[in-house]
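Each in structure tokens, the structures are laid out below.
The two complexes that follow have chain A in common; it is paired with chain B in the first and with chain C in the second.
Now for the complex of A and B:
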């Protein structure tokens, strides 16, 4: 995991610097070549790249993500502030998409021959195929512009001091992510369920006289949950990334907005900060998913010693 | 697959999930409702803009956003540029200039900074030197570099000595903020003397301003201002349509106008801007080092049709760099007339009867790509093949502005009084005409405003005759406000947006 992280940090640092000189994002149309040189020196981007890199890594070890090239505010303060938007947005959307996906996916599989089973299946295909921003625009048109019941975008200036207003601001963004991400997840749940319903052990359990619900709970659920968990971990990470797009559509001042503005302004410290943070988050979620799978599946637990290192660092 | 009698539970579960979605949608109806704003006098005015300041301190890299939010609102200069482009005293009560035009004396008004310190001559010296410092990226630095020396003659008087005469010196001072020299942090807070203090700063989202109780001048007509920033113009328009903001500082396209007009709850405020859309040649390199080629290109483009399609007939054709609001304006829109036959003739005379091809470096922002496509279509008529090369704004700054590595490019020039760019042979477009340089120098040394205006007009005519660039059109300044909002500044003089007169009802 640490190796992945080190690699990510290095690649990111180098690739960003191939984009060009960030000073050009700051100048006005009267800046002379001398102005540009002086400003480059002030940002420190005129130094050799390995000096800048050493400086950056040194900062990371002190827990210092640096200062934004454009706003000159501390990157870590800025990230922490924006987590107020992105973390609730991601977690609520994720929870909602799981709540939608599990019953929808299950029914789509179990009742695949009925009209509503087919309908659920088709809906999940449709929901997963629509681009996130398009769902966002659709919901804004309906709920904000036509019905006028929800704000079209923005986040209260006072953050969570007024939880009602904050939740209201997040409603449409959450729905947007949940529809798309819930549909994708429903498809996984459907195929996992289809897989299990055909298994011999389920038939055997029924033959032994277990009612369907008991067989489902004791055998199908425990077997089916394992692949779903690994998908859930990936999906949580995807939801986080989806939040980036959605924040832009709804003018939410979260991490995604910080990332996009950072790229536009060649604000390397901000971009590096956000991506480093996201990378760590995705790695940690993946790790927790692995751990959870082992807790739930005794087969994985028994092979723990032999398998662990290879799997976890993936 | 067995179908036992258990469907109710599962259908129920699904129904629950669906109603959960519906509930999240319906329970929270605290959105400010549809249509125009319904706030009371006590509520701050919400202003929507797509120009978020990149930084609160323009010395470290400018953006029009900080001018819009702070100039005249949070910070004040010695002078102020009014909405109709006049200069009036602000923190200075006036000025005296010596007979040789080189020494200016500014007596200061009694005013205090938001931290409570009085505004003194020392602060003015500090602020001017700050703009002139080597690492400063502040606007007007180049023009203000005529300053040789700034001294505080006494606590309430500043004396400035210039190295040469500058008739626009006082005008340029209108853009220099007077900042408390004791201020520690100018990137997340401020210490100015304007009618508002910075109450809250949320990067990426909002800036809120609260009235400053001890302001020396007229009290604001509102209880505060909140700037809300959007990256997407549609999101900005939606914010006004749903009552989240009361005013939009600038529409970036006319597409949304019918939406606002239809409802009757909004007013559209049309003023003039100083933003000129240019097809700028690199006058140093072939084929655009040839005046006839430039004039041929100019005459091949139907600007009227372009303005019609981009701005729906709003805005103005200008034909040279100086807009009507500035000294030196001449109506030159037909100086290079739209005439395809003339264009063909000029092209033939220049030795390019069969046409040629060139690369048009086009920033991928705003209307530039659309305008570039239009130009490509127009120039095809005279056998000129345009290769559009889309680049980012930053790449533009590096490649075109910094390295002069281009044949022709698209750009909008937002600044007021920027005809001076044609005086600088090292500017990105490389226009080099000794007469224009001389006239603009003389304009700076002019004794009277009339003389200054006449000289600028001469230079303006010359660059138009030389087709130094193609001035496609002058943008309109379109603001939209809820019907009950009054006092919104009309014109977009270089992004200035004075908010203290905005009120409800």
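Now for the complex of A and C:
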């Protein structure tokens, strides 16, 4: 975990240095060599690369990600402020998608011979195939433009001081992400359930006279939850990325908006800050997923490589 | 898993399962075939020049403009089939990059000693956990927004999965007796990789490659929607959707058609992958 974190941080530093000299974003066409030198000195890019790297790592530990080229605000302050939008958006969408996915996926597998089981299977197949921003556009068209019941985009200026207004602004974005994420997740739940319903231990439990629900609870749940947890961790990261895209559909001032605007304006400190933050977040979520899996499944605790192999063959 | 499992909640298997597999294959091939055909047609012929703004603005569909016109008076149908060409280009291009890079890295890991293998594997684990779209944005920020950037970025992101699978297959094959026999008879490492490992990779890699095709088309659409893809007039479906979003209340069709084509392409690729999986793996009993 720490090793991969260190690796990711280093790779980002190298790649972002390759992005081109940030000095060119600050100067204009008539800049003299002196101007360039002054700008380089101001940004600190004239120093040896190892000094810059040490400075960057030091900054990371202090939570200092530099200053934005365009707004001249502290990047870390800006990220923290924008988390007010991105974190609730991600978490509520994720919770909703789990609530949708578990019953849909389970019924799609359990009742696979009935018409609604088939319908749920078909719906979950759509999950990985629909672009999330398109769902956003369709929902805006339906609920904001045609029915006029919800705002088409934007976020209240006063942030969360008026929780009702903030939640109303997040309703359509949350629905958008939850529909796409939820159906994707339902596909995994469905195949995990199909897998378990096929297992010998469940048949044995039934043969021994346990009612279906007891057999499910005692045997299927504990076995079935483990692969689902690892998918959940990946899915949480995917939901976060979905939020990055959906924020741009609904003009929400979150991290995604900051990232895209940063790329367009070549605001390197902002882009670097958001990507760094997202990378760390994704790695931490993955790590927590691994830990949780090991807590729930004693078989994984004994060896490190056992887990690895299990993932590949799954 | 016993071979005689009979459960009350049967999943389709046996003949019915195989029939389902070929159904997936056929439907997937038809859906994807339509898109490929549209893309090929657009190379030789389009109803209008994509930059031709002589049509009326935001017209509905009629005999001349089959899918109407956009806010600049350009023909939407023309843009849609050019979008098909771009989608296929992105899909094939990024899958090729992912396959070549992934197979090379995977072979390297599969053939190397313990610590090189461990180092490569943990690198791949990070790469797999890292969301494609974030990686793509990083590369677009570096190279600038273009179709090439998008293809390279998506291909790079996909290569990790291919590499991981290649490594597993390689190690499995290297442990087989026929490889030992080949070694004894003097075949070098490269010869073994070429003669014995590469041909055996195909059944394992073809399904993830087909899945990645769909994923690549979706990822490129997201990038284009965010303004980080290829610039107009040769715009991809994602870009068309972004432009149509502003005028959706007047011209809903241009905000719906590119989305439908996207879904058709991706579902086509996914069904093809499912069908191939069932065709190639007769021992497969579990439904995916």
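Just so it is clear, the second predicted complex is superposed on the first by the 259 of 314 C-alpha atoms of A that agree within 3 Å, B and C clash if a C-alpha of one lies under 4 Å from a C-alpha of the other, contacts with A are read in each partner's own complex, and residues count from 1 in each chain.
In this section, a contact is a pair of C-beta atoms (placed from the backbone, for glycine too) under 8 Å apart; a residue touches a chain by one contact, two chains touch by 3 or more.
Since the structure is predicted, the reported quantities are computational estimates derived from the model, not experimental observations.
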> Who does A:260 touch here: chain B (first), chain C (second), both, or neither?
Replying inline: both
>> Contact-wise, after the overlay, does A:197 reach chain B, chain C, both or neither (first, second, both, neither)?
In response: both
> Now for A:84: first (chain B), second (chain C), both, or neither, which partner does it touch?
Replying inline: neither
>> According to the stated criteria, A:167 is in contact with first (chain B), second (chain C), both, or neither; which is it?
In response: first
>> In the overlaid three-chain picture, which partner chain does A:140 touch, first (chain B) or second (chain C), both, or neither?
In response: both
>> Is A:153 touching anything from chain B or chain C once the two structures are fitted on A? First, second, both or neither.
In response: first
> Looking at the overlay, what does A:112 touch: chain B (first), chain C (second), both, or neither?
Replying inline: both
>> Taking the superposition on A as described, I'd like to know which of chain B and chain C A:73 touches: first, second, both or neither.
In response: first
> Where does A:248 make contact in the superposed view: on chain B (first), on chain C (second), on both, or on neither?
Replying inline: both
>> For the overlaid complexes, name the partner, chain B or chain C, with more touching residues on chain A.
In response: B
> Taking the two structures together, which residues of chain A meet both chain B and chain C?
Replying inline: 19-20, 110, 112-113, 137, 140, 145, 197, 206, 248-249, 260, 264
> Which residues of chain A touch chain B in their complex?
Replying inline: 19-22, 24-36, 38-39, 41-42, 69-73, 78, 81-82, 96, 99-100, 103-104, 106-107, 110-113, 116, 120, 137, 140, 143-145, 147-155, 157, 164-165, 167-168, 171, 174-175, 178, 197, 206, 211-213, 248-251, 253, 257-258, 260-261, 264-266
>> Taking the touch rule as given, give the residues of chain A at its contact with chain C in the complex, in rising order.
In response: 3-4, 7-8, 12, 15, 18-20, 109-110, 112-113, 125-126, 128-134, 137-138, 140-141, 145, 191, 194-195, 197-200, 202-203, 206, 234, 237-238, 240-241, 244-245, 248-249, 259-260, 262-264, 271, 275, 278-279, 282-283, 286, 308, 312-313
>> Considering only the defined contacts, which chain C positions touch chain A in the complex?
In response: 1-2, 5, 7-12, 121-123, 125-126, 129-131, 133-134, 137-138, 140-142, 164-165, 168, 214-215, 218, 221-222, 225-228, 238, 241-242, 244-245, 248-249, 252, 255-256, 258-259, 262-263, 266-267, 270, 285-288
> In the complex of these two chains, what residues of chain B are touching chain A?
Replying inline: 1-4, 6-7, 10-11, 13-14, 16-17, 20-21, 24-26, 28-35, 52, 54-57, 60-62, 134-137, 139-143, 187-188, 200, 202-206, 208, 226, 228-232, 234-235, 238-239, 241-242, 244, 392-395, 397-398, 401-402, 413, 415, 418, 421
